[in-house]
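A, B, C and D label the chains in the order they appear, each numbered from 1.
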């Protein structure tokens, strides 16, 4: 941690800061530059994080040098984490595809979808039972009935299943039926839920918040890891920007950035990332080309009648075409004719 | 709701759309313009919201004409809502000031602060007991002990108290001690919590999410109102933008916008809005000049040792000066010398 | 164009609006819904754009149904545009790679780079001579000398060359030396320069502004097309968001969106998009997998001593590896072991 | 400047970095912390800014400690700058109001407006002659004719006049007629124009770019100051965020931030900041309450027929009411009844 001092900080102020810090066991390096005087603080992160050094008289600003996360970082765990779910491995190898409807709506709907996505090469099945909706008047999911149907479809097809848990009171219920607990974007900083999910003993798929920095996202993963659950899968699903043509702005740079900073697997959700089915296939190709460990894609037998997220859902046919597109080469470069 | 058709939508597609909609009881107005053909849909909002019309073949995009909120809107309730808390009225009249420390840290700290802010003119006392922190290693609040101390300080000074509830499992506990339940920015779309808080029978202070649009914010208020609790106070606390000099970007335009769209009172939190104590006084003045119904300001007897948010906390002296600044005129305009 | 009326707009107000519009030759469709009354306006875009209808008494808001661009749109020109530069075709086929240093710094530097990128498969050479720098104290480019060296390197290797024009006064000078005129992100809405470049008779590479919507970007292309120059290449280079780990947020969704809305070729600049060389290769793969018509990549023989953009420049070796990566498949999906 | 080293940077790498830097005359402080090793660099800013230290092998990231601006900073010029224009002083005292139409449209329009705003207390007159429009099909301004009418209205009323210069080729023309040269948001980083304006010998009103950080904005001011023109007035006019209800998000925190970092006067444009006339008065009050040195407000005798920016323009009556609102107190606080 570095303190940049105010231009007019006098030596009495500096002495007071140094004394206060040294009393807490923090070592202080003093360094006077051309424009600025800085103090480099060396000591226990916990101690430092408890001091409101930015408020010390004479301090202009505080610069954090270390990342705030530890368990989520590459230094702590240099090899990529591999998370085993049923017969599927997520991370550290070939990418997987999680597919299924936004919401479980009926037995027929989820079974038909499960069979079709399995046949097309999906490795896991998704389906929402408790749905976070911005309007209290929108369809809120089938609840436990939806979880049962999802589990049944998973069992029949052999696909492990993923579903969202929205609140601590339903956690045990959801955990009973699913193989992976999904934490939605709006709950990325629901710290109470993060802690509880960290104790639930199931892999967690942690979506990035709409306006979360990559560092904050890793700190939310840290909450889960810190409770003793190492099985966290990150999911980029688009961030909020000024662009309105797409529902969100899919930040695919997050894929190599997470790869650089962390050992945790990262998958991409191009359905929420774009909000429009016609952009899902190109962005799925892009996500995997950037190195993602997987995709999470919304698929519905008849999106026109979907109770949620119809506009961004692929049909079963769309999904089969998408899967075929994924194995094509990225590109064949044109370097000029006749050369 | 308006459907804009794709340029190459044929009459068979249009007929199919119209037929599907009319079967659901939706009236359709067809209108062919120079570039675009549009369909105006008239019918029940619920029915319309359940149709994935954007996914209909031949539809290019969907435009929503009505606001999605109802109970939070001015048409539903033309007069400003007034919320009575103890002997303080929030909304529809003179603004109030809610002041106190970010976290309750000790009996002395909260009592000293309560007495000082009361004396300087604050109408309510704030203090956190359960703290949402981006790091699992940061101070997480004193919990119930903090609530007790806060309630004691409120009682002694006669100030109603406000504290944050972070999760449904602690709701009853928090509600037992406080006069206003605060819902933090990170929980603005914690829909489960919104519903529960809507049933708790206490006024709710609903902070705007870091990247929430004003419409989404009003929809979250709608969740609470829809459970039968009309006592919702909105709190603008800064949104996330690219600017990094301030912790957030305080969106003061939200004050007149909310005034225009809604009957709910709106207050402003310049402490989180700026993240730096030195900007709190000017932004407090600005917030009230824009028409806010109140302020929520962090005050600490010794910010240097605050366990959270020290950099943005006012000292007791700072707070007294700020209160004095609020009654000065906005400005005296200079129109040119000697004219 | 659709006018949504205020809830309390009376019939006198409506009559007045209708009369005013009809006098200007605009046809008005009146439609009363459950919550809202709307007026659909049909008429000449020019006429409509000159009326401040949003300010009419009784009007709550105005919704634009048509895209504001015409020449840049797919309806106007359904087939993808192909732009021929030397022996290279941009758009409508295999993607091309534009490579070279941020700034031309010396004869050796540009020649060595040109030969290496040519050999590795690049189709065009880039190099800045007039540099937009946020600080007046930073290196501002070699000016005409830089253009001469760039042209020489292009000639020797047979690669067409691209360089930025920053102001109308230097346009003729730059146009004399280059095959493609680049318009930088900060000049995307320099309308005077857009018009002049539209008359210069050379293909234009138009970078997206840091906070430009896709629609605004196409409107800037429209300025160029409207001057009679159909040879516009769009270049996505990252937009500004709250995320700070990358220099910008590369919006790869813009690739399929532009493909859907426009006939113009779109290329991607992952160097500025990420700001860090280590993320350039994965994001190049992602860009082409999303369907981009090409890449623009910064390459420098010795980035440590580059006078600008060193941190995001590939070495010659990095570039060769990147080119090899582009032809690999997007991914081989893992659907579960033993199934 | 501080270099944070990669965790696995070996001593050979460190030695090489130190040697390279010392050869350039940079002093290096080595400091090994618990997690990170850092190098503090002390030396000439110019030298440091020319080194691509971020690209050095072994360097993880670079942290800038000093502000990049100098002439615009408070350390360089501790007292607030006062800019004299005719008989009006901008900065360091009572705030001024600049008012007038978005575009000069006719002799009658500008004269009527000038007289009315003068009478209501405005100190300067604004009016556009060259208009930056996102569409090539929109009204582009009256050009020189507009400048002549503006100058005439200024002369008649004794109000100094402000108008925008959009390109270097028209700079002399605009400078001939106006007292203050306005640089628009879209030209904030038109560096060529900044330099030319810096030599023009007239005060400059520099609007903040739509997505410019405060630091970048001050760097653009630095370009002008560095050419020998100390008369720069900053103008906050809203930044681009995800919120769509207002045209931009007016960042009023910029007022105290600029006050803290710089000696330059700062004014606020609530018309562009909100895009809707109904929010102009509250945001004008807020801007001045936050400490702004002035306002720039769009006023039109008949906004319904304005050729540009009608929706955000005040009528003459609106303007008179707004001026009256500015001298009212910020607020009278309510501290609870019966206490």
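Operating definition for what follows: a contact is a pair of C-beta atoms (placed from the backbone, for glycine too) under 8 Å apart; a residue touches a chain by one contact, two chains touch by 3 or more.
As the structure is a prediction and not an experimental result, all values here were calculated from the model.
Of the two chain pairs shown, A-D and C-D, the one joined by more C-beta contacts is C-D.
Once the centre of each chain is set as its mean CA position, chain A and chain D turn out to be 37 Å apart. Our note on geometry: chain A versus chain C, Cα centroid distance of 29 Å, whole angstroms. Remark: chain C and chain D have CA centroids separated by 26 Å (rounded to whole angstrom).
The multi-chain contact residues of chain A, meaning those touching 2 or more other chains, are 45, 211, 240-242, 244.
Taken pairwise by the contact criterion, the protein chains are fully connected, each one touching every other. Residues of chain D that touch chain C in their complex: 45-46, 49-52, 54-57, 68, 132-139, 166-170, 186-187, 189-193, 195, 210-211, 216, 219-220, 222-223, 226, 240, 277, 303-307, 309-311, 313.
Interface of chain B with chain C (complex): residues 2, 4, 7, 29, 31-36, 38, 40, 42-45, 63, 65-67, 75, 240-242, 244.
Listing the residues of chain D that touch chain B in their complex gives 86-89, 93-97, 121-123, 158-159, 211, 213-215, 239, 241-246, 249-253, 255-257, 259-260, 273-274, 278-279, 282-283, 285-291, 323, 325-339.
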